[in-house]
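Here's a structure for you.
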Amino acid sequence: MDNILQLWSTSGAAQMTMGQAFMVIIGLLLLFLAIRKGFEPLLLVPIGFGGILANIPGAGLAYSAVENALHAADPATLAAMAQALGVAASDNVKDLAVAYSASGAQEHLLLQQLAQDAGYGNGMLYNFYNVAIASGVAPLVIFMGVGAMTDFGPLLANPRTLFLGAAAQFGIFATVLGAVGLSSIGLMDFSIADAAAIGIIGGADGPTAIYVASMLAPDLLGAIAVAAYSYMALVPMIQPPIMRALTTEAERKIEMVQLRPVSRREKIVFPLVLLILVALLLPAAAPLLGMFCFGNLMKECGVVDRLSDTAQNALINITTIFLGLSVGSKLVADKFLDINTLGILGLGIVAFCIGTASGVLIAKLMNRLGGSPINPLIGSAGVSAVPMAARVSNKVGLESDPHNFLLMHAMGPNVAGVIGSAVAAGVMISLVGG
Amino acid sequence: MSQGIELMLYGMGTVVLFLALLVVATTAMSRFIGRYFPEPEPPVQAALQRLHAQNKPAGDPNLVAVITAAVHQHRSNK
Amino acid sequence: MDNILQLWSTSGAAQMTMGQAFMVIIGLLLLFLAIRKGFEPLLLVPIGFGGILANIPGAGLAYSAVENALHAADPATLAAMAQALGVAASDNVKDLAVAYSASGAQEHLLLQQLAQDAGYGNGMLYNFYNVAIASGVAPLVIFMGVGAMTDFGPLLANPRTLFLGAAAQFGIFATVLGAVGLSSIGLMDFSIADAAAIGIIGGADGPTAIYVASMLAPDLLGAIAVAAYSYMALVPMIQPPIMRALTTEAERKIEMVQLRPVSRREKIVFPLVLLILVALLLPAAAPLLGMFCFGNLMKECGVVDRLSDTAQNALINITTIFLGLSVGSKLVADKFLDINTLGILGLGIVAFCIGTASGVLIAKLMNRLGGSPINPLIGSAGVSAVPMAARVSNKVGLESDPHNFLLMHAMGPNVAGVIGSAVAAGVMISLVGG
Amino acid sequence: MSQGIELMLYGMGTVVLFLALLVVATTAMSRFIGRYFPEPEPPVQAALQRLHAQNKPAGDPNLVAVITAAVHQHRSNK
Amino acid sequence: MDNILQLWSTSGAAQMTMGQAFMVIIGLLLLFLAIRKGFEPLLLVPIGFGGILANIPGAGLAYSAVENALHAADPATLAAMAQALGVAASDNVKDLAVAYSASGAQEHLLLQQLAQDAGYGNGMLYNFYNVAIASGVAPLVIFMGVGAMTDFGPLLANPRTLFLGAAAQFGIFATVLGAVGLSSIGLMDFSIADAAAIGIIGGADGPTAIYVASMLAPDLLGAIAVAAYSYMALVPMIQPPIMRALTTEAERKIEMVQLRPVSRREKIVFPLVLLILVALLLPAAAPLLGMFCFGNLMKECGVVDRLSDTAQNALINITTIFLGLSVGSKLVADKFLDINTLGILGLGIVAFCIGTASGVLIAKLMNRLGGSPINPLIGSAGVSAVPMAARVSNKVGLESDPHNFLLMHAMGPNVAGVIGSAVAAGVMISLVGG
Amino acid sequence: MSQGIELMLYGMGTVVLFLALLVVATTAMSRFIGRYFPEPEPPVQAALQRLHAQNKPAGDPNLVAVITAAVHQHRSNK
C-alpha cells in the first residue's frame, strides 16, 4: 500500500503545477510551429521537445542535484543542507534555495556532495546544458559549421554591402536602450547585462544570441533563444511591410551592377583578414568570429575537405541536437513564466523591425552619397537571418520588377550581418561582461 | 523476500496499467486524427516535401540551398 | 640492470594473475562469438575487446588513479594515503582499499590528489566509463538513435499488441523475485537493487539494461550487459522450443487480419502521446522514454531529417564504440569473477524464458476474450530483442503454414516490448533507487 | 539609462568602425591579390585538385589512397 | 570617454607584444605551408589557425581562468590571490605566477574559484586542450581511426620487415641521447622526460608524438607536434639523399619476391596477437596499441563495418579538428618562443635522418645474413610517416629501375614503424614517466 | 647523460625484442591458420557477407533491414 502511495506521489499527475502544464503546452506549440509551419525546425524541434522534458513534474531533468534535493524536500536532507549552509530554518525550502544561491563555492561543493550522497543526481538536461552551453562550446561549434557553409563571394564582390550589415545592428543597440528604459521606468526588471543579451535577438543569429545570453544572462536564455528563432522564422512576415513603407516604387526597381567574379585566393585570404582585424581590434569577439573564420577557411582552402564536410554535417548535427535540448532546459516553468519573458518577446520583435528599417534607410543614404546604385531592398538582409532575409529581399524586389533578381546581391549584406552581430556581441561582452 | 514480491506486484501492475492506458490513448488519438485531420496530402507530395526538407542545413535552414542557387546565378553571370 | 628489472617487473607476464588470464580468454571468446557466430557484433566486439584491455596486468586501464596507486603499492604513497584516511596500517593494501571505499567525499578528493601527485592517473577505460555510462549519457543517446530507427506503424495499426509487450515484462519481475529468493536462502548475495538490475536482463534491451545497471548496481554492469547481449543473440535458440511447447498446431496456423494503413500524422503524434503519458504517470522513465520518443519524433516529423540521419548513424556509432569499451571495463577480473556472475547468467536466461512464455500465454488468453484473432506466436516478440524476436515469430509461424507471414504483426509487440521494458526500468528506479 | 545610451553609442560606433575597416582591408586585399597573385589555375584543374583532396584521410593524408592502390597491386599479383 | 579608453585598452592592437605578433606570423606561415605547399594540411591547418587564435592579445583563449586573471592584473583580484597563496607582494604578477605553479592542489582550486568569481574564465582553446589532449583521448581516438585505415596484409606476407620498423626507431633513442647530451654541456635545458618527448619526433607519427609529449613534456607539445608534422611533410625531401648515399645502384635495383596472398583470418587474428604480446610484455603501450589494434580489428572482422566507417570518418575528423586547435593552443608566444624550441626543431630533423639511415643499413645487414633479398630502399619506410615514406621508397626505386615497384613491399616496414614507435613510446612512458 | 644512454639501451633493446617476438608470433600464427583453418569461403561469398553486415544498424542489429522488409510488406498489403 505504501508503495502504491509512493508510486502515485512520484507520478507526474500528482505533482503537476499549472505552470508546468502551461509550459508543456508551449512546448507542443513550438513543435507544431516547427513541424507544421516550418518555423526553423532544426532548432525548434529539439527546443520544444526539451521544453516538454524540462517540465515533466517530478523528473527534475532540468535541475541540478541540489535543486532536485530541495524539490524533494526530504526532512533529513534539508536539515543537513541547512546545517551546511549555516541557516536555522530547515523546513522552508525557499529560504534554503535563497541561502544556497547566495553561498560561496565551498558551500556549493559541499551541498552537491550532500545531495549526491542522499541519492539525488543532476538531471539529464542540466548535464546537457552544462556541457553544451555553459561551457560555450556548442554555439561555437555551430558557428564553425555555419562558417563552413558560408560563401563570402558576393560580399567580396561588393564590400560596400558590409555597411548595410553594420547598419542593421542598430536594432540590437536600440533594443538594449529600450530594455534599460523599460527597467528605469519600473515596467520591467532588466540589468544592463540582461538588456544586452535581449538586444542581441535583433542580430537575427541563433548561435550568437545563445552564446551571448549564456554569458550575460543565463536565466533569460530560454526566452531569448525562442524569440530569436521564432522571429527568424517570421522574417518573411515581419520585414516586407517595413521594406515597402520605407522605399518608393522607383527605388525598389533599381537594378544593381552585376557582381564581378571572385577568385579562390581572395576567398581563402578573406577569413584571415577578418581574423587579423578581430585580433587587432576586438579580442572579445575572437571566440565567435575565430571559429566562424576557421570554418570558412576549412571550406575555402580546399585541402581539408573531409574536415569541412564533417563540420558541415555530422559535427553540426550532433551539436544542434544537444544545443536544442539544452535550450529547452531553460523553458522550465519556474524560470520561464515571468513577466520578463513577455518583455523579451516584445523587445525582440522591435529589434527585428528597427534592424530592418536601419538597413533599408542606410542603403538609401548610400545611394545619395554616390557610387554604383544599391537597391535599398537588400538593406533589410543586413539583419542576417541567413538566408531567409536575402530571399525576402529578392521576393519583394520581384514584386516591383519581375526581372530584377536581387538574391545574389542580398547575400552580401546577409553574411555581413552575421559578422556585424558577432562584433556587436564582442562589444557587449567586453563592456558589460568584464 | 517480501520486498521482491512487492516490487513484482507494483512493477507488473504499473507496466500493465501504463500500457493499457497507452492502448486507450493511442486508439483515441488514431480515431481523432482519422476523423478530424485525415491525411490531406497524397504520398508523392509528402515524399517530395520530405526530400526538400532533407536538403536543409542545420543552424540556418535553407542556407545551403540558397547559397547554391546564388552561386549558380553568380557563375552564370560571369 | 635496475632498468631491466624495472621493465620486467612492469611487464604483463610478470604480473598476470590467473583471474586476468581467464578474463582475457573470456574476452577472446566474446570476440569469437561476435565475429564468427554473429552474436550482436556491434556491441560484443567492443565489449570483448574492452574486456581484454581491462585485464592487461599492470596497465590499470579500468581503474581510477587511486586504485592504480593502491595496486602499485609504493610504500611512500601508501603511507601518505593511510595517513589521509586516518588508518594505522599502511602496508596492507586491502585494508586501505576498504577504508577508502568507506570514506567520505572529502577523503576521496584528497586521495585522488595524492595519487595524481604521485604520478598515477585514471585508466583510459575508467575515463570512458565515467563519461559514457556513469553520466548516463551513452545509453540515452543510443536509445534516441534506436527511436529514430523504430517504425511504430504496426503498433499503431493494432494497439492491442501493446498488451503482449506488457505481458513479456513478467520475465523481468519474476527474475527479480528469483534473485531475491536466492539471496534469502543464502545461495547468492544480491541486494534488492542488484535484483532489480538483474531482472532487467529479461527486458531483452541492451541500452535499458545498461542504464538501469549503471544506476542500481554498477558493479554488476559487466555481467548484466554481457548476459543481455548474449541472450539477445541466442533468442533464435531460446524461444522456439518454448513457443512450440505452449501452442497447438492450430494456434500456430492462425492467420491475422491484415494491418490497416497508418497515416503520417498518427506516427508524428504517437511519440508525443507516449511522452505525455510518461510525464503524467512515471517521471522516472522520462530520460529513457523521452530520448526514445525524441528520436522517433525526429524521424517521423520529416522536417529535421539531417538530425535524424545523424542520430541513426554517426552519433549512435560513436556512442556504441565508447559504450562497448566502457562496458568492457567492468569485465576486470577482480570484479567480474565472482559466484554472483554465475547467478546473473543463470537468472538472465530464466528471465528470457519466462518473458517468452508470458507473451505467448497472454496472446492465447486474449484470443479467449474475443476480438480479432491473434496468432500466439507473436506474443514471444514482446520481450523486445528487436528485431530478432519478431523474426523468430515469423520463422516458427512459417514452419506450420508456409503462407502465413507474421513478421509485420510481430513488430507491434516487438516495439511494445521496448516501451514495456523502459516502463519497468522506470518503476524499479523509482521504487528501489530513490 | 545612461549606461544603455553609452552602450549604444560605443557599441554602434565599434560595429561601424570595425566593418568600415573591414571594407578597406577587403578592398585592399582584393586589389593586392588581383594585381600580384592573379589566379593561375583554370577552374577545371582546381576542381580536380579539390576532388583529389577530398579523398585524403585524416591523420595520415593519402593513407587510404595509397593503401587502396597497394591492395590493388597486391591482389593483381596473386 | 572611459568606455572608449576601456575599449581601446582591451583592443588587441594596444596589447600586442612582439612575441605575439611573431607567433601570428608563424601561424600564417604554417597555414601557407599547409594550404599552398600541401604540408600535412589536415593537421597543420587547425594547428596554424589555433596558433593564431592562441596569440590574439587580450583574448586569452589559450589560458586558464587563473592565468587570465593574472594577465588582467586587476589589483583587487591580485591581492586576493596573493592572500590565498600566502604571498606578500601582490603587485608583481610574475612572482604570483611562480607561487601559483609551486602551490598545491588545494590552492589551485581556491585560485580557480577566485578567478571565476572575479569574472575570468578558461579560454576556449584551453578547454579544448584539456578535453582533447590532457585527457589523452584525442590521440587515442585518432590512433583507433588510423588502425581502422591500416592494412597489415603486406606486413603479414613478409613479417621480416618488422625488423626494419624496429631499426628505424634508433632515430628516436639517438635523439634522446642527443637532447640529454646538449643539456649536459649546458647548451639546452631538457630534463630526461623532455628528451624522451623530443626523441619521439623521430617516430614520424603524429598521434604518438602528441600522446607522449602530453604525458612527459606538455610545455614542449606545441613545438614537438609542429616539428613532427612538418618533417613528415618534408619526408620526400629529407629521405632520398640519405637513401642514395647509403646504397649502391645494384642494391637499389634489387627485385623483391612477390608477396603471398594473406587470408582474411590472418588479418583478423593479427591485431589480437599484437594485443596479447603488448599485454604480456609492455602494458605501458597498451592504450596506444590497444586502440590501434581495436580499430584494425573493427575493420578486418567485417561484422561491425558501420563502426569501422565511423571511426575512419566522422569520429576521426571531429577529433582531428579539436586536436589541431588544441595543439595550436601550445603555440602561445610566452611558452613557444624559447631557445628550446630551436633545439627541438634541430633535434627533430636529426631524428628523422638517423631513423632513415638505420632502416636502410639494417636492410643491407639483413641481406648479408641471407633469406630472400630485400631492397634496402624499403628500410627507410620504417620511420612510418605513413604512407609518404613508402611512396618515397617506391619513387627512389623507380629512378634506378622503372619496372621495380616497391610500394607494396615498403608498406610492410611502414606500418611496422607505427608499431615500433608505439612500443618505444611505451618504454619511455614506463621508464621516465612512472 | 648516463640516464640517456640507459634509456637508449633499454629502449632500443625492448623495441627490437618486442618486434622480434612479433615476427615469431606472426609467423607461427600464419602457419597455424594456414594449416588448420585455411580460408573456407570463396571471396564472393565473403564480400556478400560483408555487404550484408554493412546494412546492420547499431544497438539492434538487423533492425533497419527487418523494418524495411516489414514496411514493404505493410505497404504492399494496402
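General remarks:
Chains: A, B, C, D, E and F, in written order; residue numbering restarts at 1 for each.
Operating definition for what follows: a contact is a pair of C-beta atoms (placed from the backbone, for glycine too) under 8 Å apart; a residue touches a chain by one contact, two chains touch by 3 or more.
All values reported here derive from a predicted model rather than from experimental measurement.
Set against the Cα centre of chain F, the chain with the most distant centre is A. The most distant chain from chain D, with centres taken as the mean of CA atoms, is C. Centre-to-centre separation between chain C and chain E, using Cα means, comes to 38 Å.
Averaging Cα coordinates per chain places chain D and chain E 25 Å apart.
Taking each chain's centre as the mean of its C-alpha atoms, chain A lies 26 Å from chain D. Each of the following residues of chain E touches two or more other chains: 3, 7, 41-42, 281-282, 302-304, 306-307, 313-314, 317, 320, 427, 431. Shown for chain B are the residues that touch two or more other chains, namely 10, 14, 53, 56-58. Taken in their complex, chain C has these residues touching chain B: 155-156, 159-160, 162-163, 165-166, 169-170, 172-174, 176-177, 179-181, 184, 192, 195-196, 262-266, 269-270, 273-274, 277, 281-282, 302-307, 416, 419-420, 423-424, 427-428, 431-432. Contacts from chain C toward chain A in the complex involve residues 105, 135-137, 140, 144, 268, 272, 275-276, 278-284, 286-287, 290-291, 293-294, 297-298, 301-304, 306-307, 309-311, 314-315, 427, 430-431, 433-434.
Interface residues of chain D, counted against chain A in their complex, comprise 1, 3-5, 7-8, 10-12, 14-23, 25-27, 29-30, 33-34, 37-39, 46, 49-50, 53-54, 56-58. Interface residues of chain C facing chain E in the complex, by the touch rule stated above, are 3, 6-7, 10-13, 15-16, 24, 28, 31, 34-35, 38, 41-42, 45-46, 49, 52-53, 55-59, 61, 113, 117, 119, 124, 127, 313-314, 317-318, 320-321, 325.
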